[in-house]
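Across the two complexes that follow, chain A remains constant while its partner is chain B and subsequently chain C.
What follows is the complex of A and B.
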């Protein structure tokens, strides 16, 4: 008899726990890790804070690899009818996700928060990639960056006399393309056939992104905002690519196709005096570089210009409404002034919330680390990153052809034309 | 035949150089794993770190539950191997020594499986795994790999080479299929079985994409996913941590190879003599 009572009590307890657990909204949150540092832990910590404030929501943060792998995990899950509730993917993937009909628009949520007034707290440059072709907003900025120019102050000073002889100031970085070439020439050190020090590295791998910056600086772009009209083959872009070929093939002041993730190590190791790189690399360089360095706007062509980069939050279709509501709460929480500042300090990304920069802890951080403000200030000249369906195919077309031109295997005109054609085909889904 | 002394010297010299070339990356791996991040890129090449920085290992353990991942990886790899052997040996036996209708066509299908890259069947595999309710489980990590076309092919070739007379003798002594497999085929094919096991374990130890796609929680995730956290696209990696993680991930498998290698070579030699 006693056994039976205990059994019943146990059973009741189990049911109580089970129903208790199911009352909580469970969120699966996929995210990539793009920069060095204990970011998995940082994300887990932010999620813990969120759960403390929202005890009825249970978030499972799921590390999903790099940007490409995260997108593949998301796509497989959506196709398999098992979508995540919320995910961060690379910003150019938006149109592919929309084509799969995977996302819900966030307009309603933003309306509830105060509409345009709420959006005004966020940097406009980062919202450009959030909208679909229907004008609705499908993404919310989270880990965002732009490429910037890093320069080794000590190397500039060491070459001071030579720079002055060439009419250049050794205490500042180049401000336009002509100066970029001039500085890179002086800062390159050769011994016989060996290059001891490069003036500049424009890395490969994500060179389509850096190329987009040069295109913007020359008042052109790669694909228009509609995601349909390809302008890759424009005369301004040809001018930009010719400049790259000149730096790498003719002047040899920049190595050809240096791997993307090795480039910061080249900068840290004193292989190069300047590099184009994501702001995402800044925290690592601060920790390891043992010389004076700084960051600057990318030199201007006809104007200053850069695309933005990084990843946005997206909320998915095919999950219960209460999960979508909870997912929005999470996205909003992760981008409050405090959280965005915390994320920026830990990761090196730009804080997406303008109010983050009014916080005391952010001001103290920037006082010690003024280079971090460059990326934010460059946002005044930022454009949305190109977006189109089949983005991974398009990227492949761009990088392989840019690579071929830079290696001297294809004339620049042909490389641009070939890529242009492949991109149009990818957009039409051929 | 006696070797001349200078021949031996040259041989040893060449082998030593080859050994150094093979070992150097490992030494470099261990050295970088113990360095301070700022020591990794310096002008002077140093093989030994200034101070051994064991904290790198503490730090990687702090960032991901590597011991848990290690346990999962071992369960998954051993699980895959055991079921593979249970399936592959009888299948190879059937293809090598039995006659049945459609044998060649079925064998062709098995061989085609070798050529299918995992990525091309990932969606159907995902759907099946989901239907079976095995997403985010270790069983789901094991199941898609248990029927190995490659193993069947490899063992079939070995089984075919075993002389018919042995089979006749076994039959005469009253052995059935299973007895013959257990007492004659398996002992005689041990080198192949060991080789296949090593390849299988190494392959699945390194699986990344499938575990990444179907698992969500730390409780079932494997080592490669933990390692992935240290390879960064946007900023470049923190090399000392990446190498510490790499060392932790590959040390057991290297140890495993070092241990099995002896039996592996011994088996090869003895079976050659008996042949």
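What follows is the complex of A and C.
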């Protein structure tokens, strides 16, 4: 009798736990970190918050490397029939994911939240990369940025007399391309054949993204919004590339192809007076730079201009409906005014939710670090980032050819033409 | 103990693998007693589980991927479609293919022989009972123990052009700072140096083990006969570590052909494919560009090359190197 009772109790316990376990929705969440800095901790902390609020959902955050590596992981998982439930990938990847038929549209969820009124809370500039060609919304903004110009105020001041002699104001950053060249020249310090201090770093690795900014500043673009028409070989783009070659090869005021990840270290270590980098790297600079620094809009060419950047949430096909619903909950949670503000403060990315900037916490923070508003304000001059199917192949064509031109191995005209041809092949197929 | 010499042909020795378990030599001749046949049958039975997994995860995928290499299969044509030799013809006309091949062979030839030579020299030095040899073993061997991902990140900072320790040291010596990972002139060299550092200790340890098999009496005899340090090693050590060298050579070729992690983490093949090698290029085509047709045809080519290389190596050295038999 006693034995039987124990047996029944045990059985009941097993069922209790089993049903408990199956009631919990398990989410696999892939995310990248695309800039220098310890952001994995921040994301995991936000996920913990989410789980506290939603005890029936168990999120398994998977740090999948940089943007390229995360996309590779997602693609492989989708092809293997085992997609993640929710993932953040680089915004230009959308068309490739759609080509693989990997995503569900989010329109119904957004309808439930209040439709357009709900979307109006988010910066419009960040929604430009969220829509497929069918007009449905497939991405939801999360870690979003624009590239900005960081400048070392102390170095500007130290070179004050020389800057003034060149007719430049040492208390402000360059506002256009001509000034950029002039400032960089004065701020470069050489000793013998060693460069002690560079005027400027335009990093490699994501130079296609920074190049897109220069292209926009010169009233051109890389690929048109239809994702089909390549304009990489435009005369305006050639002008932009020639400017880069001049900075790196002729004037030698900017190192060639400094790796993306270590560029913020060069800025922090006093190797350069100015740096183009994502606003997402700002928290690291804020916490470690031992000098006065600030950030500014990228200098204008014919106009101010920049592509947006970063990563969006995507929810995947081929998973249970309740997982998709839970995934949407997670995406919404991560972009509430409070969470977006928290993420922005900890990372340097722009808070995608406009209401974040009304929070007291955010206002106090921005009063201390007004640099953090630069990327947001630059949104007024921002365009959607280029999007096309086979983006990885296209990006590879762009970076290899830009690299070759910047190292002086290919004339800029040929580099643009070669990349242009490869990009068209990638879009239209062989 | 009998030690066979470098030039002695294998046939004079007792056959190494024929110790009564040979299928063809035994069972087919029909002269063996029944019991022995049963024994053989049993030993083959034990191979089945291993063979099953080899089939599933090695042989079948190789066949499957060779078949795919004759298909067009990428993001824009998501169903494999037979295309004959098209993938191979395209590769033949593709600059990057020749570049990654060249880089690969450069990588292998440049890194293998210095690694092998230095590994042997260090092994000999440590074997000579230097003072503090344990310290040397540890410091040479520890890079092998560090996970490649951690080592790669470490070297990214070592190679940092202005702040990295390597360029700072170079500048102290009055040498111009190099771009390392950020320059197409040096990126491949940077990876070779890092791989050298990572692998040296491993091969040193294998050589050290190989040296333990060399009879000490030979050195004593040579010493009494008046042979100097160099002569002793050239005449005794080098020939007698022949089998170890063959093992090290094959392992080193395989290891360097497989080089992937450090490229993925340090350069992603850049700048401008300057540090891209075949294996990474296969990965790029497959998992990044989603061009499975091209990725599998590259794999097929690589398999053929490796197979030929292995046959050549065993063809040359297999005949000339003999293993010590008792």
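Assume the second predicted complex is superposed on the first by the 425 of 430 C-alpha atoms of A that agree within 3 Å, B and C clash if a C-alpha of one lies under 4 Å from a C-alpha of the other, contacts with A are read in each partner's own complex, and residues count from 1 in each chain.
The criterion applied here is as follows: contacts are C-beta pairs under 8 Å (C-beta built on N, C-alpha and C of every residue); 3 or more make two chains touch, one makes a residue touch a chain.
Computed from a predicted structure; not experimentally measured.
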Note to self: Between chain B and chain C, whom does A:389 touch in the aligned arrangement: first, second, both, or neither?
What the structure shows: second
Item checked: Touched partner set for A:72, first chain B, second chain C, both or neither -> both
Notebook entry, point to check: After superposition on the shared chain, which partner residues are touched by A:33: those of chain B (first), chain C (second), both, or neither?
Noted result: first
Next item on the list: Tell me which partner A:80 touches in the superposition: chain B (first), chain C (second), both or neither.
Entry: first
Note to self: In the overlaid three-chain picture, which partner chain does A:284 touch, first (chain B) or second (chain C), both, or neither?
What the structure shows: first
Check: After superposition on the shared chain, which partner residues are touched by A:188: those of chain B (first), chain C (second), both, or neither?
Finding: neither
Next item on the list: Would you sort A:265 into first (chain B), second (chain C), both or neither based on which partner it touches?
Entry: both
Next item on the list: Examine A:146 and indicate which partner it touches, taking first as chain B and second as chain C; both and neither are also allowed.
Entry: neither
Note to self: Please report the chain A residues shared by its interface with chain B and its interface with chain C.
What the structure shows: 69, 72, 76, 261-262, 265, 269
Check: Inside the complex, what are the residues of chain A that reach chain B?
Finding: 28, 33-38, 40-41, 60, 62-67, 69, 72-73, 76-77, 79-82, 145, 206, 260-265, 268-270, 278, 280-284, 287-288, 290, 310, 348
Margin query: Using the touch definition from the top, list the residues of chain B that touch chain A in their complex.
Written below: 37-38, 40-43, 59, 62-64, 122-123, 126-127, 130, 135, 209, 212-213, 216-217, 225, 228-239, 241
Item checked: Residues on chain C engaged by chain A in the complex (per definition of touch) -> 74-78, 90, 156-157, 160-163, 171, 176-177, 179, 181-184, 264, 268, 270-273, 284, 287-291
Note to self: Quick check: in the complex, which residue numbers of chain A touch chain C?
What the structure shows: 68-69, 71-72, 75-76, 96, 99-100, 193-194, 204-205, 255-259, 261-262, 265-266, 269, 271, 389-390, 392-393, 396, 399-401, 403-404, 407, 409, 429-430
